[in-house]
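In the two complexes below, chain A is the common chain; its partner is chain B in one and chain C in the other.
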Partner chain A sequence: MPPDPYPSGTDAPSTDFRFIAHYNFPPFFTLQPNPLTRSSQLETWSTHILSYCRHHRIFTLTLIDALSTPLFHNTILKKKLSLNDARTVLNWMASKEGGERIEWIGGKGGKESKCWVFWRRPEEWADAVGSWVEATGQKGVVFTLYELGQGEATRSQEFYGIDRELLHRSLQILVKKGKAQIFGQEDQLGIKFF
Partner chain B sequence: MLLRRLDLTTALRPSLLPDETLLFVQNAVGLYEGKFKIPQYQNGHAYLTSHRACYVDNAEPRKHSVAIDLKEVNRPEFYAGFLKSSPKVTLYAKPARFGARSDSFHPPSSNATWVCPICSFSNPVPSNFDPATASSHTQIPPCLACGIKPPVHHVVKAALRQAPAAESQSTDRVKCPRCTFANHPTMLSCEMCEASLVTAVDRRLIEAGRAESPGPELKELSLNEVESVKFSFRDGGGGVFYERLKSALVQRKWLLQSAPPVPKPTPPPGVPDDSNRMVGIARLERHGQEVRQNNQLIIGNAFEDLEALMTSAKEVIALAESFSSRARGGETDALLQSASALGLTTTKDVLNSDSLYISELSRTLAEFLTDDAKGVLRREGGIMPLVDLWAVFNSARNGIELVSPSDFQRAVEMWDKLKLPVRLRRFRSGLAVVQGRDRTDDKTIASLLSWLQTLHREAPPEEASWDWRLYGRGVTAQEVARKFGWSVGVASEELEMAEERGVLCREHGLDGLRFWENWLVESKQGLGLT
Partner chain C sequence: MASSRRGVGLSAFSNAAINNAYTNHGSTLRAAHVESLQTQLSVFQQLLHQFSITHGKGIRSNPTFRAEFARMCNAIGVDPLASSHTSKEGGKGTGSNMWAQVLGGNVNDFYFEVAVRVVQLCRETRAENGGMIEVAEIRRRIQKGKSIGGGMEVSDDDIGRAVKSLEPLGSGFTVMNLGKKQMIRSIPKELNTDQSTVLEAIQVLGFVTVSMLLDNLNWEQARAMAVMDDLVADSLVWVDLQCDETEYWSPTFIHDSDQR
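After this line comes the complex of A and B, so read on.
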């Protein structure tokens, strides 16, 4: 099982996760009107969100719930990003300019309440899995998706504990490239690498 | 008659002497000496004051500006113009009496005294007393102490005795070319700065041979003495100039300069001074009553005794003027006069055309702002909203000749064109402010930043949850306004200007908007990720 995506309280993350310096700068939590300052601020927010999610291995964010987590809420400063500003930040990250590190679940026209956080994009995951298979000489071997994501063999890999849907999506990329083949039904998906 | 150099104010207008009032201004004026045009003095403003007729050049006002003292003018002459020839006003000099020198020299009446042969009281020689023309028919006021008239030759002697003394004192000194210290003529180097005085002495020798220096450009034309000066009015206004000049020559206000003031009557004892306690209409009525009483007293005193009339000439003339204007033109003229008494001299009445009114108003405003004595702009921290200026300016006019917002706006927009030392600035929000020309955004930002940097060393007033040694603290517009003496509107505009430049960033907090040094952008060089 993936770890709790929304650790509660500030003590747990602050012990091992080091927030970026700006996290302690009060204006960081107000979106700046000056375009230059703003783009720099959005970049910093993006860095902050991605490193936070990577550390806590968060693959999806539910905006409303995330607002009260240390990600958006600095309890020491008593400052937090407002819902609208947080949405602006995530939208920026979803844009080309922001490197498409966010993808709203349900598409752009959706409710924009839940999103993927691509601290690695699906292509990057696909590469990671592909190169692991190659490095361990397991071409031609058939895996279940569960084995790849939660199996003993991949425990040391970065993609261990990956969201199942994200894994599926990443593997589709390998399939498209002709490097793997997916078969089976719903829960029983298997994959074979060539 | 002499063309004198002219002191200009910051707004490039003649700086007026005390008691001097502006009577008329006209643009597009050229200057002639006799029949000849004077080069470089062909496009300027003519300012007629109660004491002088001035020419201020448009192109190089500091260099090419001259004034003619009206007291040296014998008579004016008006030429109405014909075909392509513009209307002109000619000022003829009073005939020379003492040779080249006498004209430039007027015994300062405050210095010259004659001692009464009867009671040995030192009386002032009247300022209009001229020893050269004095005869046994000349009217001489009697001794102020004993009331006996002195013999004419006695006063003439007294006046002549002091005249050369006063002159030699002023001219024998050699001005140091470097530090302007007036050295004794025998010195070869300046006592103050040790600069060589030899050249200065030479210049003095040259100048000693002729009259006091006219404008330098005229030297090249070898115009030592000017018989007549012509103002050529290429854009009209000559007629009015002539009329006002004539009346100024009749009024001879310059004579008032040395007249002593009327002794103020002491309030009768026993009557408590409660005028300050009254308010409203009662106070106004009381004030009017006081004025009337005072006038009565002045007139009563003055005519009681002709000697006293001489001494209180100043007040009596002023009073007579105000009475005459009241009789002549009703209330408005009297109001105009009190307006000019305030020193705010540009009224529509003084000026002929509308555009000239605007440009003169523009200059008046600039003077009003930069006048050190009033310090209007300085008190506001060097910057003030335009609306505030309009209010202050109009209230300084005491409710008379108020400037309409549209005229005001146009006048303010002329500052740039007239190269005046103040400028109008519009913030993005549309707030218009007035500030000195030397005050740039960069300077404002620098002063803001240097203040914010000091906040790294002072702990914030309330307990801070952030690292204030690293980030300083955020400031509100109110704090900035208090710190720099700006109005709050100006402060927030300046802050936003700095924010727009990327120097500051904002924080919306529970207690309003605060501005911080912009660490968000500097992250790349300074803080980075830790």
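After this line comes the complex of A and C, so read on.
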């Protein structure tokens, strides 16, 4: 068993997700008027969203749909983040300041409705796949993308079950670095590692 | 008459002699007293020194023991934290250095370590809580110990002492009482009476509304609004707009669900 380059820590998918303390604090769901307080609030929201998505292995969010999920809606407190506030949070996460952990998909001018959630950035996924290939001595081996994302061999890896498009995008980073080559057609992409 | 005159003279003379004798005796006694006190003191110092060496580990690792040790030192007027910085403490002057020597660096170091953690935590959370954090919360976080060295066993008492050890730095860290809670204030800004009153009231339910202030404190609307605006501006409270009336919450109520 190769060492996991990104140990998933305590967030094993089988256990219940443990919300951060702020999730039980009613004003957390109202963006704060004080800029200082708000900046710390945005950071906390970012942490919360990333750990939630990581736990539930969510790779993309559709804003409207997500608003009614526990991510943004605390049913016990009967508090939820409004559409506008949620957009503000996601926009902040998409910014340099927020670590570019969100990337809007399509749409422009504040109308974006769907986004990537990078609890690992594509570069980090690329590293994870690269290290796995190296650690298991499979350089020179050809994989299909399906094998990498859904295959038996990678079941123990964090990238098992990764969104296909995200995987493709991450692997292209390895290609650019000259560490791999992608070939084949749309549905049957293969990759060879050097 | 003559005898009485002589008597006066004599008695005056002998009185002086007696007085002299008394003075002499007094000063001898005083000297002996001082000497014995000095001996006692040096014996005591040695014992205290020995004690702190023998039990240094215990003092560092066991919060109850440490608190007792600190209390004992306090009772006899020794400030275990006193160093060259705090020479004004109890007018010990050069003695303060001596105490630091006597007690060894261990005890000092421990409190300074705690103080460093306290400063770190206060800074980390300042944006969230406006520089006011519950002592108990700090203790929980220090015990969890995410940082270097892992968790430390500390008591609220230790934290209070650690904060006190920061005083000579003029850092503005103070421990204050707010209702039943002990808070560490890390921003040297005075709260006015109205602000303190509100912050104290908040500790009951976790939040207040303007109408609660009007009803319970007999304030006028404008006064209550002004205080709340100030507290928001100082990041000391968070607002919740998803209610019938705006609720102002204290960030000290950000707790894990099981503690709520």
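Throughout what follows, the second predicted complex is superposed on the first by the 174 of 194 C-alpha atoms of A that agree within 3 Å, B and C clash if a C-alpha of one lies under 4 Å from a C-alpha of the other, contacts with A are read in each partner's own complex, and residues count from 1 in each chain.
Quick note on the criterion: a residue touches a chain if its C-beta (ideal position, glycine included) is under 8 Å from a C-beta of that chain, and two chains touch if they have at least 3 such contacts.
All figures in this text were calculated on a predicted structure; none of them were measured in a lab.
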item: Fit or clash - chain C, chain B, common chain A; value: clash
item: Partner chain in contact with A:Val175 - chain B first, chain C second, else both or neither; value: neither
item: Partner chain in contact with A:Asn24 - chain B first, chain C second, else both or neither; value: both
item: Contacts of A:Ala153 with chain B and chain C, given as first, second, both or neither; value: neither
item: Partner chain in contact with A:Thr47 - chain B first, chain C second, else both or neither; value: first
item: Which superposed partner A:Val141 touches (first chain B, second chain C, both, neither); value: neither
item: First, second, both or neither for A:Thr37, with chain B first and chain C second; value: both
item: Partner chain in contact with A:Ile64 - chain B first, chain C second, else both or neither; value: neither
item: Candidates 328-336, 346-354, 382-390 or 490-498 of chain B: the single one with C-alpha clashes against chain C; value: 490-498
item: On chain A, positions contacted by chain B and by chain C; value: 21-22, 24-30, 32-34, 36-37, 40-41, 44, 78-79
item: Contact footprint of chain B on chain A as seen in their complex; value: 18, 20-22, 24-30, 32-34, 36-37, 40-41, 44, 47, 76-79
item: Complex contacts: residues of chain A adjacent to chain C; value: 19, 21-30, 32-34, 36-37, 39-41, 44, 78-80
item: Chain C residues within the chain A interface of the complex; value: 127-128, 130, 207, 232-233, 235, 238-243, 247, 249, 251, 253-257, 260
item: Chain A-touching residues of chain B, taken from the complex the two chains share; value: 465-467, 471, 474, 499-500, 502, 505-509, 514, 516, 518-521, 523-524, 527-530
